[in-house]
């Protein structure tokens, strides 16, 4: 791991517009999936107002069952792009196919590689060739070393702008959807110069656990958070049990910003 | 899971030439990676003589590190195809990119989806569109239900010829590379009509454990085995610690055939 | 690990009456818990007739909930002892408290240390002081090295007669109660001279999976099996979903003996 | 789970002298094992000065190998008791044998049940009979439900003063000794009225990860922390790679107290 290791560089700052990730705290928020214009715009305005500085929305959804909602594709990307422009928020979406990487770049600011594709090496090489930052989620079965090797694939292919995202690993525990491994945050900082954020939504799978784990992630040293917000969770087409309502997100965001201020004082 | 479940069908038989997988015992053997003409042909002849009825060889290798040998690509496929023709063995290779699926079909008889790509849903949909059987390996973090849902993606896309392959799951144990879950064999047979084979090479990661686990898999009801064989393991470019030598494979294959005969008597 | 390692000894044979465990195939059968005289005697006669050569029955039950049936204690031991005498079968029971070890020895032929007590080092030292063989189950979270260190505690305390028992480890899979790690059988034989048997009852938690996994264990090289049998499973006070009926056990035992004969031929 | 569940009670406060655990923040510190008078007294004074309000020290050590240091036993308890008296700190030690519970109570203020004995039900029943609070660590393989059932054993036996302690679970990750599950803190608070603290020492196994994970635990809502401190870690007889030096602990304790003040403001 020549390129991702701490020895090679002090600290990577990933620039997205005037946001300097690794320095500024990244607060990604938005729905699991882009569903409708109303949903996307309502949520975008709400998270913008609450303090989010990046908007998420899935257009290609990796779903366990082929009969579950698979995302709106291009139509979803266009809605996401417009919601981003209207609110002034940069946007991020997941890519799951090598054939989509280059054209999806025309609609979004950051590409996401999901947990199930962490070791999709063809996809890693492909996002390594474009000039958009990449958010690389940890596989649910992945050691830190394997994860960093996946980042190395992207850097080696020419793209230095990689942000890591801890999203929980799979264990025997069933109360939570995954086991959020917050020790990965300080551990990763010992091993690499890349920024790391935390996804408490998939990491816990439970609305009630998202606020305490978000705050814990901040204190553990995370460079940001990615939180799913939906204007009406019970009607969400995916992940409805783990999406925060805009008002819940707003309260949490304020707590996070206050905690960050305390930590910097 | 409409299509893969037991309710929908008694038993799937996957035909490859005159081999009827699910009825005839499938014995896949060959090197991890296609490396050289000499290696490929020597190994192919040896496994053919030992009783293998399908030849494997990787041309696109999913490797943890970007600096590890990544496979010969097209050149490897051509060597594999020729070795198959010369020995009369059908051939199988792994695909890892949606863009490769259709043209790789021109060189091989069966497509393999590896453990790391089990939930690469784009790839599953793509191999669901072609007229070649697919060997779907279980993800190292995957429940049986998730695995079957991945097979459902392929069947739903139009390809009924799916063979499942148990290859070990990830646990805390470090003596073995993975923990081979042989109970998956009878469990899968309760849940689906698809054939299931076992890969003791990746499942154990240790040459010494391959023979006993191969025999145990047979008795547990496996429809076949996939075993890595290399004519000179210490010089293999990948998986050198877990490849059997031709002579070791030959002895094991004979034990397997004898055990099968006993079971059928 | 001075005493348990292969270097120190070729092979341990544990003698129980005229049974030579490690040489003769050990077939432990009987109910999870001793419940009533009728249950114990009916089951004992049935398993004896089917070919079992050791009778099990729990008198002290380690149960997840304090409100679950905790076992009959001394009364259970006396029933077990009588059932053993009447059928001529040696008997085995689990001990869970250091204070019970010496007096329980007066009623049984073999002491069992359960998975939850594998690292109860006080208990290991205590059973190391008595002159009864000990069946040491693998902890559900235990590496092979940790397990062998627990056996080392017993040998170091003076008792050389230890039999290991693989009973499944805990993973993320939920279809089975545990994941039975059959590769532990040949792996343990590489590491130690102690005999190892397999418990497919707890290892799978499903009646339907016990026969195939029992046969697979035999072929993997196990020195024996421990199988729960109850004359009327739906009325069992513990483990009712995983107990075989006497008739089912009888059929399976015959298959096992035939397979053993084949292997020795 | 009648007694431990949230329905039965709002919140349990465990009193130890004038310390009200569940209300006051519990800060347990001290060496893994009691080794010598010098070690115990130096460390006790240092952690007292740094702000610890309970002193730990193991006299009976559950060690993987029988040849590792097993603890000083009674001699260690006497040193621990004296160090506690001299500093005015209540003391806690682990018990591992039912036969020791009642007499150990004469030397210490709180009894600890270690992770390996979480499901040692005889021991749970025994500590349920005494009038000393019990710190119950989570087993490294234990679900939250199983853990709470173990607490139920203690409450059911008559002892209401149980403190839970998250100390990491076993996963496939090898960079850390265990995976500290901080989501257990808010999850447990949803399920029970018992206080819960966090042990970042065993939870991470790495000195460098203890400070960030301690602070994260505080923010996640932990009622306290248990941290191993040794006056000279390289010479410690157990856990030398994960013990903080007194000076490191002092800095961390100050950060924790400041963070607590911020949270209460």
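Order of writing sets the labels: A, B, C and D. Residues in every chain begin at 1.
Following the convention adopted for this analysis, a residue touches a chain if its C-beta (ideal position, glycine included) is under 8 Å from a C-beta of that chain, and two chains touch if they have at least 3 such contacts.
None of these values were measured; they are calculated from a predicted model.
Touch-path distance (fewest steps) from chain A to chain C is 1. Across C-D and B-D, it is C-D that has more C-beta pairs touching.
With every chain reduced to the mean of its CA atoms, the largest distance from chain A is reached by C.
The centroid of the Cα atoms in chain C and the matching centroid in chain D are 34 Å apart.
Rounded to whole angstrom, the centroid-to-centroid distance between chain B and chain D, based on C-alpha atoms, equals 48 Å.
In chain D, the residues touching two or more other chains are 141, 170-172, 174. For chain C in complex with chain D, the touching residues are 1-2, 60, 62-67, 96-99, 116-117, 119-122, 139-141, 146, 149, 152-153, 156-157, 170. On the side of chain C, the complex with chain B involves touching residues 141, 143-145, 169, 171-176, 179-183, 185-187, 190, 203-204, 206, 208-209, 212-213, 215-221, 259, 262.
The part of chain B that touches chain D in the complex is made up of residues 170-172, 174.
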